[in-house]
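What follows is a single structure, written as structure tokens, with notes after it.
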Amino acid sequence: MKKLIISWMFFLGIACMTTSLMASDIAKEDLNKDYKSKSVSELFSSLYESTGLNAMINPQEGLVSHGLKVSTFNQGAGRVVMIAICFTLFYLAIAKGFEPLLLIPIAFGGFLANIPVADIAGPEGFLGILFNIGISTGLFPLLIFMGVGAMTDFGPLIANPKTALLGGAAQLGIFGTIVGAAVLTEYTGFINFSLKDACAIGIIGGADGPTSIFVATRLAPELLGAIAVAAYSYMALVPIIQPPIMRALTSKEERLIKMEQLREVSKLEKIIFPLTIMVLCIIILPDATPLIGALAFGNFARESGVIKRLSETMENALINIVTIFLGLSVGSKLAAEKFLVPETLGILFLGLIAFAMGTAGGVIMAQIMNKFSKQKINPLIGSAGVSAVPMAARVSNKEGMKEDPTNMLLMHAMGPNVAGVIGSAVAAGVLLSIFK
Amino acid sequence: MEINLIAETLKFLVLGMSTVFMFLVLMVLVLNLQSKIIRKFFPHKEEVSIPKRPIAQKGNLAVIAAIAASLQSYKKSK
Amino acid sequence: MKKLIISWMFFLGIACMTTSLMASDIAKEDLNKDYKSKSVSELFSSLYESTGLNAMINPQEGLVSHGLKVSTFNQGAGRVVMIAICFTLFYLAIAKGFEPLLLIPIAFGGFLANIPVADIAGPEGFLGILFNIGISTGLFPLLIFMGVGAMTDFGPLIANPKTALLGGAAQLGIFGTIVGAAVLTEYTGFINFSLKDACAIGIIGGADGPTSIFVATRLAPELLGAIAVAAYSYMALVPIIQPPIMRALTSKEERLIKMEQLREVSKLEKIIFPLTIMVLCIIILPDATPLIGALAFGNFARESGVIKRLSETMENALINIVTIFLGLSVGSKLAAEKFLVPETLGILFLGLIAFAMGTAGGVIMAQIMNKFSKQKINPLIGSAGVSAVPMAARVSNKEGMKEDPTNMLLMHAMGPNVAGVIGSAVAAGVLLSIFK
Amino acid sequence: MKKLIISWMFFLGIACMTTSLMASDIAKEDLNKDYKSKSVSELFSSLYESTGLNAMINPQEGLVSHGLKVSTFNQGAGRVVMIAICFTLFYLAIAKGFEPLLLIPIAFGGFLANIPVADIAGPEGFLGILFNIGISTGLFPLLIFMGVGAMTDFGPLIANPKTALLGGAAQLGIFGTIVGAAVLTEYTGFINFSLKDACAIGIIGGADGPTSIFVATRLAPELLGAIAVAAYSYMALVPIIQPPIMRALTSKEERLIKMEQLREVSKLEKIIFPLTIMVLCIIILPDATPLIGALAFGNFARESGVIKRLSETMENALINIVTIFLGLSVGSKLAAEKFLVPETLGILFLGLIAFAMGTAGGVIMAQIMNKFSKQKINPLIGSAGVSAVPMAARVSNKEGMKEDPTNMLLMHAMGPNVAGVIGSAVAAGVLLSIFK
Amino acid sequence: MEINLIAETLKFLVLGMSTVFMFLVLMVLVLNLQSKIIRKFFPHKEEVSIPKRPIAQKGNLAVIAAIAASLQSYKKSK
Amino acid sequence: MEINLIAETLKFLVLGMSTVFMFLVLMVLVLNLQSKIIRKFFPHKEEVSIPKRPIAQKGNLAVIAAIAASLQSYKKSK
């Protein structure tokens, strides 16, 4: 063993020697041209100057970080506030189970982005690099959508297509919120949303993380952090936000409605379904085809049944890797100078409104449909139209069982639930096409 | 020109909700039609036309192999 | 819970307020400078103008898509034709089992690329981005080759090396097809292949998807879609194309030849094998080393036995992810304006010729070798030299068992089969070196 | 089946015909403008000129490869020497079990980088492309660190925090080696390291591959190949280098010291730990936060317990894929013209010194701490402070059991072992901050 | 200006080792403090506050399912 | 200058097939030689020099662990 290493070194030595004659004739002095000698105390003091402590207690006027001028408040206390917010998100994700798969990476990205000096979210930092690779280009949200498609069973929607209308009505949350954002801008002095901002905020009501991120990247990149955090936080809050609204809008009789069992859906119908929605989307709204297309591809891979290798990769390794990268890089937009603006409060407030309106829209639509149809729909499944798959459907089921423990609404609620995903992608397409 | 934001966004609401519903209503119609056609012309025999999974799915095979091996050793150990 | 959220918002509110004093003093009017108010009917009509329906029935003169001028025919009917072709590929992949792992992603990519307005295959669309990351750079085909290396057992070739010559003869398909492409160009009025095009088309005869894509990217990028579709389609058709040719060229006695059992190959021989072919390739044809090198690395990782973690990743997660991306981005070259040209017909025709010639080459070579050697080779294994691993070897086995059900040719056919992979990589190197 | 194909072709044919009228009217002659006809013998001789054999026996004056001028020696014999070195690394990795997970990809990358003509490590070659994506940007080493974080249990360190000081003392190897590099430069005629080079070399003593690569990329990119090879080779040699030093510095009584059992660490402490080190790192040394941050994120994902999907992906698919790419692209810096310089010998020599000093530092620190504390520490666990997780800890355990087979030091040694990882990341931060 | 490399690197040694130790000593102090606080205020009940794993972990489920199926068939085969 | 495409491609055919065969014939010769050397100097004992697989292969271990656990519970359930 030792002999081997010694002989290897010897061998290498000889090889090197033969080349050393022609070796670099750079004068030694020139090697360190750009380096200025410092005394030990100078070294320590320059090290102190590069500590985070110093950066936070001695903020510099006019510092530029991540391409934005950072106020002295945001260099110090602002960063501490943001880190506290990220820690709160950690707490909610771990102890309360709030969408941890995305909130943990996002909050950790935010934590990293608020570190002074290191500029990890800057164009040369690794968060910045990930952001430019996957978020600016729109690649990451689309890959997530592919994975979602590969995980989603559209069977319940195919079995009872008219429940899709509930998923349509729930998109009222999106458009109502846009109006709300305009109202806030007109009637408050300190919140200013442009029309593009308003539309990006509205998508929170679609209850669809990747769609929100995709649209925000195009319409309001500087609000991306707040929008993503609001979207995922409220998606996590679905079991708390929805039930009071659902109960307030429905009567006991309505909540007791039993729906007839769903018919079985054949394999062929499931295979054709993603192609059908693609064709419709092409004819009506090609601007939604990147989103719907990624979803349809994932679902087609799943239902085709002949490329299990690929569809399993989409819903496991690929979506996991992309989720890590997407979360971290979205989090990089939680830097204090971007997040601690009055607009963020507005976004959080509007997000809540959006969810409430979406929920109400779905429930009321079910009641309207019941007026015109003999086959009664339990309006509790209307709330599932906001998407937030599958949590919203579970909430519908739970509320139904509260009234009648034998009334299983889960599969019925999955119809509007997955239709909500399609509905918000269509809404996203409309908004993107307005500003093209 | 001054823009009335609220008026503008109300127009978006009308436009957006109509489009979403147009899309979904069309989808409902097509799905219903499609389901009728499929049930008429391919009554439950379509499962047959789907070929078995390609054999190339190594990962799973490895798992199955591990299980088989483990069962084998378990049988022996008894 | 609610208290927590309220206090969090309150906390955030205070933080925001402190910064709101210095908040953006942009006048509200300036926020929407670039937006022109529209009436509802204007909005609807501009939405209609952005539908796919309108784009297809009212094509515009001089529209540029994916960097190419698109004729009015290709904007409308051309796209419909292409989508129909993609659906046919779906049908063949799912119902007939034609190479679904690649044809489904390719055809879906083609489907997406033919959507009007959205320009998904353009430089800003996600297919275009994937294409630039992985196909233009040559990265994806090489990563696929790595995975193929990690999946391939070269044992049968090492046990009986002379069967490699069958894999050599089958490359006649490549070079014969190049001549065929020249003939088509000389003698037809509407098909025009340059020499580079001809060489890229010839590689289809190598029956190796990644090699075809790698070479086409370098020599004839505008033909990439047609070449990839032809390569994978004919690989899928191996069990239909090859048997008649094999039977026509061989006598019953030849088909009954029993070959002696292969010797066992030691672990050490398998480990050294990828290094051996690399050294040969360096000495003779360094231009083939990217392809052979990727294959050899994957195989070396497999046979070394000490980095199972990595070799298993190569043949699972990594190759699956790359297959998805490669398929979709290759499919992006199926846009009507690139595919619906007379050259495509020529490519499909030549691809068929290529396979037939390769099959014949392998079979005849086996017959020639039998003239000079005592150890007889069953000529049915010659056809496996076209590669298309492992389908071509299975075809040889099946044809052999038709004559004599006890004659298992599978392992014998694997020798020329994997040699075919090496052979076509060498052929690719020759072609790349001609045009350097 | 056949009917289907025929009708498909027919259908396609008609579609093509309709466009053929407007087809390219490029004159056929113009297609091959850039091609000059050659006779068969010219073709063969130009093929011969592009063989590796010719490139090596007839080196050209002034050839530029990978952006460096390559001497005629390095074009021929130099490449052969390098390939022999790569083969030696293969042998060590496979037969002797030396860190195969990284040495095999690195050595294979080196093998590919030394192929003449193909320029695989050049900016257009696939190794060069991988290098630019992941190494120049610092992405790959950070992703590896994420995976390491997801795999590491910091429990033993949390249970007995003061053992972290051993991991601190072992960093003497880093800084001592920097001094050593300066001495070599001053007192030898043919080895010239700049201060930056010296610092990059020192990190080898940190016994942490990704940290070494991360720092070398920033401070001394042209030495990257040699530094990475030295770092991983010596990490693999830990069981050979450390024991003699450990035995020489300790008495039998010291080696017999039994340490009291570690207390149990609660889940909560483990969850908070990565956040704690991050906060400390932000306050003291933000320049180390990219490295520590990646490690902490991986560990936080692991310990949070609610995103198993993601943490399992980090420690499996993601780290495996990145390891393959990182290894190959680091290997691309083993091209003869970069590696066969006298500096390489210096690096190999200094790397050995670094390990010896780090080992000694840890052991002596334990002896010093024993002077001041009642709770005795077995100095054998001091050597584990160099990191090289978990091999160094296993060496401590083995040496302890040699004296007393009932003395299990493994868990005690894991404390300094993981502290060593943090310690070298901090040291890396100091060095990066000096040259900012 | 001529730089004395050895003097310079010795300064780095002092600077670097001090920083590394400062960091680790601070870490030791904080960890000790933290552990006391946690053991006082959250005595071994924190495990409770961690919710069960999300059900979404399909990959593993598939393995478990395969195992179950295999055990099933094994039981029958006896 | 006018190029005769067919003549040109026929030259490619000669060049290409010769190179492919040169490569493969050389490969056959080297493989035969190599196999003789290996069988002479490392007669079937090379398996010994390959170390056992590194333990780090977590994925598989998890599967094995799951199987073991499942067998355990199966044993008990009987």
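The letters A, B, C, D, E and F name the chains in turn, as written, and every chain counts its residues from 1.
Simple rule for what comes next: a residue touches a chain if its C-beta (ideal position, glycine included) is under 8 Å from a C-beta of that chain, and two chains touch if they have at least 3 such contacts.
What you see is a predicted model, and the numbers here were worked out from it, not measured in a lab.
Each step here moves to a touching chain, and the least such steps from chain B to chain D number 2.
Looking at which positions face the partner, chain A and chain D present mostly different ones, since fewer than half of the interface numbers are shared. For the interfaces B-C and C-F, the C-beta contact count is higher for C-F. With centres set at the average Cα position, the gap from chain E to chain F is 38 Å.
Here the CA centre of chain D is 21 Å from the CA centre of chain E. Per-chain Cα centroids separate chain A from chain E by 26 Å.
In chain D, 32, 35, 43, 47, 94, 96-97, 100-101, 185, 195, 284-285, 305-306, 309, 316-317, 430, 434 are the positions where the chain touches two or more neighbouring chains simultaneously. Each of residues 3, 5, 8, 12, 15, 19, 50-51, 54, 56, 59, 63, 67, 71 in chain B touches at least two other chains. The touching residues of chain D, counted against chain E in their complex, run 157-158, 161-162, 164-165, 167-168, 171-172, 174-176, 178-179, 181-183, 185-186, 195, 198-199, 266-269, 272-273, 276-277, 280-281, 284-285, 305-306, 308-309, 419, 422-423, 426-427, 430-431, 434.
Those residues of chain B whose C-beta lies close enough to touch chain A in the complex are 3, 5-6, 8-10, 12-13, 15-17, 19-28, 30-32, 34-35, 38-39, 42, 44, 46-47, 50-51, 53-54, 56-57, 59. Across the complex, chain A meets chain C through its residues 71, 73-74, 77-78, 81, 84-85, 88, 92, 96, 137-139, 142, 146, 185, 190, 192-197, 237, 240, 271, 275, 278, 282-287, 289-290, 293-294, 297, 300-301, 304-307, 309-310, 312-314, 317-318, 340-342, 344-345, 348, 430, 433-436. Those residues of chain E whose C-beta lies close enough to touch chain A in the complex are 1-5, 8, 11-12, 14-15, 18-19, 49-51, 54, 56, 58-59. Contacts from chain C toward chain B in the complex involve residues 29, 32, 35-40, 43-44, 47, 94-97, 100-101, 151, 315-316.
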